[in-house]
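Chains: A, B and C, in written order; residue numbering restarts at 1 for each.
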Amino acid sequence: MKFKTFFWFVAPSLFMMILFIAAPLISVFIQSFQITQPVMQQIEVETCTPGFLTQTCTTELKTVPVIDEATGKTQTTTAWVGLESYRNVLQMDKVWAAIGSGQFRDILQIDFWKALRFTLTFTLLTLPLVVGVGLAIALAVNNAAKSLRGPVIFISLLPFIITPVIGSLSIYWLFVGDGILTTTLERWTGQDIAMFAQSWTIELLMYFYRVWHVAPFAFVIFYAGLQTVNMDTLESAIIDGASRFERLRYVIVPHLMPLIVFIALIHLMDCYRVFEEIIGFRSEAHVISLQWLTFDFLTPDDAGNRAISRASASAMLTMIGIVILLILPLRRTWRDHKGGAH
Amino acid sequence: MYLKKLALAGAVSLSGMLMSTGAYAACAYENTVPLKSLSAGFEAWKAVTDAMAECGNFEAELDQEFRTKQPAAFAANPSLYQIGGVSNGTITPLLNAGTIRPLDDLVAKYGQNLAPNQLIRVDGKIMAVAMMVNTQHLMYREDIFNDLGIETPTSWDEVFAAAEKIKAAGVVDYAIGATMKSGWNLAQEFVNMYPGFGGQFFNGDNTTAVNSDAGIKALETMAKTLPYADPEVLVSDSTYVQQQFQQGKIAMSNLWASRGGAMNDANESSVVGKVKMAAAPVAMEGGAPATTLWWDGVVIAANISDEEADAAFRLVMEGMDEEMVKANNEAAIWLVGGYEPGPLAAGAIATATATPAAPPYPSTTQMGLLHTSLGNELPAFLTGERDAAATLVAIEESYTTAAKEAGILE
Amino acid sequence: MSSKATAQPLSLKIASGAFLAFWCVLAAFPIFWIAVMSVKSPRDAFAASAWDVITGPVTQAAGNGLSVLDIVIGLAFLVYAVRWAFTGLPKLIAHLSPPAWIVLGWLVGAAVYAVVFVLLFFGLLPIILGAVNAIAGPLGTPILGLTTEHYVAVWGENAFYENFINSMIVTAGVVTVSLTVGTLAGYGLARSGSNLAFWLLILALIFRALPHSVLVAGYLPWFINSAEILRPIFGELSPTLYGQPWAVIAVLVAINQPFTIWMLRSFFQNIPSELDEAARVDGCSHFQAFRRVIMPVMWPGVITTGLFSFLLGYNDFLVTSLLLDAQNQTMVPAIAGYFNRETTTTDQVEAVAAAVSITAPLFLLVMVFQRQIVSGLTAGAVKG
């Protein structure tokens, strides 16, 4: 295909991605090296606020931004600060101090490292679970009677199609306080259980939710892949006396390998952005994730402040992390591309 | 039966649409200028905006993201909304950016029915009109307190003594309910407790002063709550505590006044008539109740024409009238004339009128930053990962970083 | 696997069946449970005992209950209705709609079916059962609390249908634009062996990994001030993008592009390139070849990819909640609005009812397109 033809085919898609993804990305990149501040002044202000019956007036020194007479907007200054925002996010001085004194747990007191720890554990622990559970369901469905397959596929897809906000809430309600599953567990074990009181149980629930939500996606793709397993290979394997497990190990899994890579790729990206679980399960006190950290920097407080520079830095650090994670599965795509180009 | 209900619902929604498009049911005049408002979405705002919609040509946006949207939408020229709903916290960014207009002449023109304490003055100019106040009050189960012979607690020490008795008697799951959901709610608990111990939030040079004796005491008092509270207290927001109260699982709580009405809602509550309200407890002898006073009110955008501002303010006055308050008496502690405080409001009013009085929530740029730092650093103390002193140092550091980035500190 | 050699031992069959049953319970239970909660009074919905939530004593005491007779007849009706949807409905649709318009036929058929179902189930059935219950004695006394008041409140008083329409507009826009733009790009990428194509693909993947909250927060000031920013170019016609469904559609399409082109590219790679090369030999341009040769065979992959776009547009919360105003708000942020700082228990149960309502179209969608999803994926929409 000529370059010009190729260009016109991809142009609309490329244009949208550049406008809505690349441009913000570049501005985030630039902002992570800048700090934009309003020009502040201290003035004496008398403020009167209501009590129930009377009013209280206080006069105090307030720090407020200067408003430009000409434009009517607040005056701001923008300064290049190099890596300062990254330093504020990473807090390497504390990390080195913790390493120096041997108090490695102190590192996890720093938000970024705490978030990184959870994000990585979450991503890497759920990955094999999603692939494993998805494959198991696919094999079991493939094994089931033809008449059952339709309804079973339908039910299996439910956790995947349900709106994530609602899915995580429905699971949260089953476990929070005296939620019915907690009560049931309490009756079985005879102990008082509070699922949202300590971090490991919350983490467990988050793993469970993610696998519940994503395994159906893996399932349906593996199931589609199973339909194209080469029966001849399988039968010759049987003639060679391969056991059921050996057939799975040496025929079916290699056949599904490209799909496993695909699932892994998608899963790594989605998990590394983990966010809904933090909000849905209200786990901020115990575990936080990298995207939540960025989100928290960006959420304005009552006074309208938002830490744009640190948010940009933390977003860039998240990006770097994802690129590192993706290198491995993408090397395969590169080989396929070189080998299979038309 | 269902069909009838469906038909009824259809009729209700139809008449609702009619009202907003042209039937001016209970409004004294017909509004001809198209107006929009942006505010939070709680019950009192629903009441006020519904009353405003009766005059026609008005669209209310009750949005949970209003905090994020409001500063930007009011800074646009022309402003995307003419009317804004704010509290003493969220008015700060609008004041700082100068995107809301002084209301003195409009108050003179349309504000005959306003009480003097409704007018929020900044440097002598009226910048907002308050419609309600909110604060914490102590809600307790009167039946349990009577059975166990406990007096109404007036200080936190008495609260813990009462909690001990209730816990020993084992009549409820948890003696105290606390809104300590990490983030905004938890920080607010500290912001309530700390001035109760006489603490100052800031020094003259904008550095924070929380790393002090009062800070340690406030943290210790918060930690004392934990043995009597739900172990999942770090995920409990006020809706959840209110729900536990309604289900009879907790015996007392220092909760928002706006939550009082729900206790007597028979559809939701199994403790109807058993809950009494008292002033928020004091943290130390002779101190003010350990809480802060909040108000909610209306502002008018600066970047709109004077005609629009005129129409907008007139509409607001129509929404905040006696008729609306009479129809929604229990929805808030109204400041508007015609409000008759019921028994459920007694605690909040006692809090607001106590001497010395609880301070208003100190709404400044610094306080916004400190509130966020508190919300992020306090959980580690309550989970036991950090002691009180280290937590205060962490709060100080986190605030300093944020304040430098915001240009408040050098 | 029907030959004797692959016949499975009984133990394996039982184990596999048991696992599948367990998974189905696990998959369906949370959704089933919120459906149960949505038809109870607030006190029952959040009751501590599971039995109370199911039977709903408070709901029943308020005069909203079902008798044994109601349950038996209602269930029988439901089973029949669902079975007919899988047997009678497809035949009817195939019979009534011209083959070229089968997709449209299904959409119309499903909508008509839904309306008739609602009318019969919620309209006619209760009237008949009410009369029967009155004379049925013990079988006619209520034993199960059930109320539709929350649904009435959500769809009636709170005008949730407006959010439903907004959701449909946004979702339809996302699917259409996303597929149009995506098929072109996917085809281009699949047929170009250049390194540039590869790096574009990798770049798109990295774009996909970007945290959405960063992007969305970046849009807000531009969207709100767009009228002011664009005025020098477009004059008075310049729009305020904030609150415009089409602007949100553009954002969602862009965010979804990486996944779409990635899937469609692998699908097109599986269509032998000899096919369009033959067309080109016959004198077609690349675009003509695409239209004449590729378009007729690409539908399985496009439907599957379209479904994923649908899910993204329909389920999105972050973008829609921040960039749309109240008049154009879609369903998911509207539901989240019930959970803000100042809600009551009743609000929460209404939110649950709304949540169940918004799941219904998703159910329908999967029922209708289930076979296409699997066949589309089998045909090679995904090859890694």
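The rule is simple: contacts are C-beta pairs under 8 Å (C-beta built on N, C-alpha and C of every residue); 3 or more make two chains touch, one makes a residue touch a chain.
If you're wondering where the values come from, they're calculated on a predicted model, not measured in any experiment.
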Statement: Most heavily contacting pair of chains is A-C
- request: Would you kindly say which chain has the C-alpha centre located farthest from the C-alpha centre of subunit A?
  value: B
Statement: subunit B and subunit C have mean C-alpha positions lying a whole-number Å distance apart equal to 37
Geometric centre distance via CA averages, subunit C-subunit A, whole Å: 22
Task: Just give me the whole-number Å value for how far the CA centre of subunit A lies from that of subunit B.
output: 32
- prompt: Where does subunit B touch two or more other chains at once, residue-wise?
  reply: 68, 75
- line: Touching two or more other chains in subunit C are residues 48, 336, 339
- line: The positions of subunit A in contact with two or more other chains are 178
Message: Taking the touch rule as given, give the residues of subunit B at its contact with subunit C in the complex, in rising order.
response: 1-3, 5-6, 8-10, 12-13, 16-17, 40-43, 59-65, 68-69, 72-73, 75-77, 80, 184, 237-239, 242-243, 246-247, 258, 262, 265, 267-270
Message: Considering only the defined contacts, which subunit C positions touch subunit A in the complex?
response: 1, 3, 5-6, 8, 12-13, 16-17, 19-20, 23-24, 26-28, 30-31, 33-34, 37, 48-50, 53, 86, 180-182, 184-185, 187-194, 196-198, 200-202, 204-215, 217-219, 250-251, 253-255, 257-259, 261, 269, 273, 285-287, 311, 314-315, 317, 332, 335-336, 339, 355, 358-359, 362-363, 365-367, 370, 373-378, 382-384
Statement: subunit A contacts subunit C in the complex at 1, 3, 5-6, 8-10, 12-14, 16-17, 19-22, 24-25, 27-28, 136-137, 139-141, 143-144, 150, 152-159, 161-167, 169-171, 173-174, 178, 180, 183-184, 212, 216, 220-221, 223-225, 227-228, 234-235, 238-239, 244, 257-259, 261-262, 265-266, 269, 272-273, 275, 290-291, 294-295, 298, 311-312, 315, 318-319, 322-323, 326, 330, 332-334, 336-337, 340-342
Field: subunit B partner contacts - residues on subunit A that touch it in the complex
entry: 35, 37-40, 45-57, 61-65, 67, 72-74, 77, 85, 88, 109, 111, 176-178, 194-199, 281-286, 296, 299-305, 307, 309-310
Subunit B residues within the subunit A interface of the complex: 67-68, 71, 75, 87-90, 92-93, 95-98, 116-124, 130, 133, 181-183, 186, 204, 206, 230-232, 234-235, 240, 244, 249, 293, 295, 302-303, 333, 335, 348-349, 352-353, 357, 360, 363-369, 371-372, 376, 379-380, 382-383, 385-386, 394, 401-402, 405-408
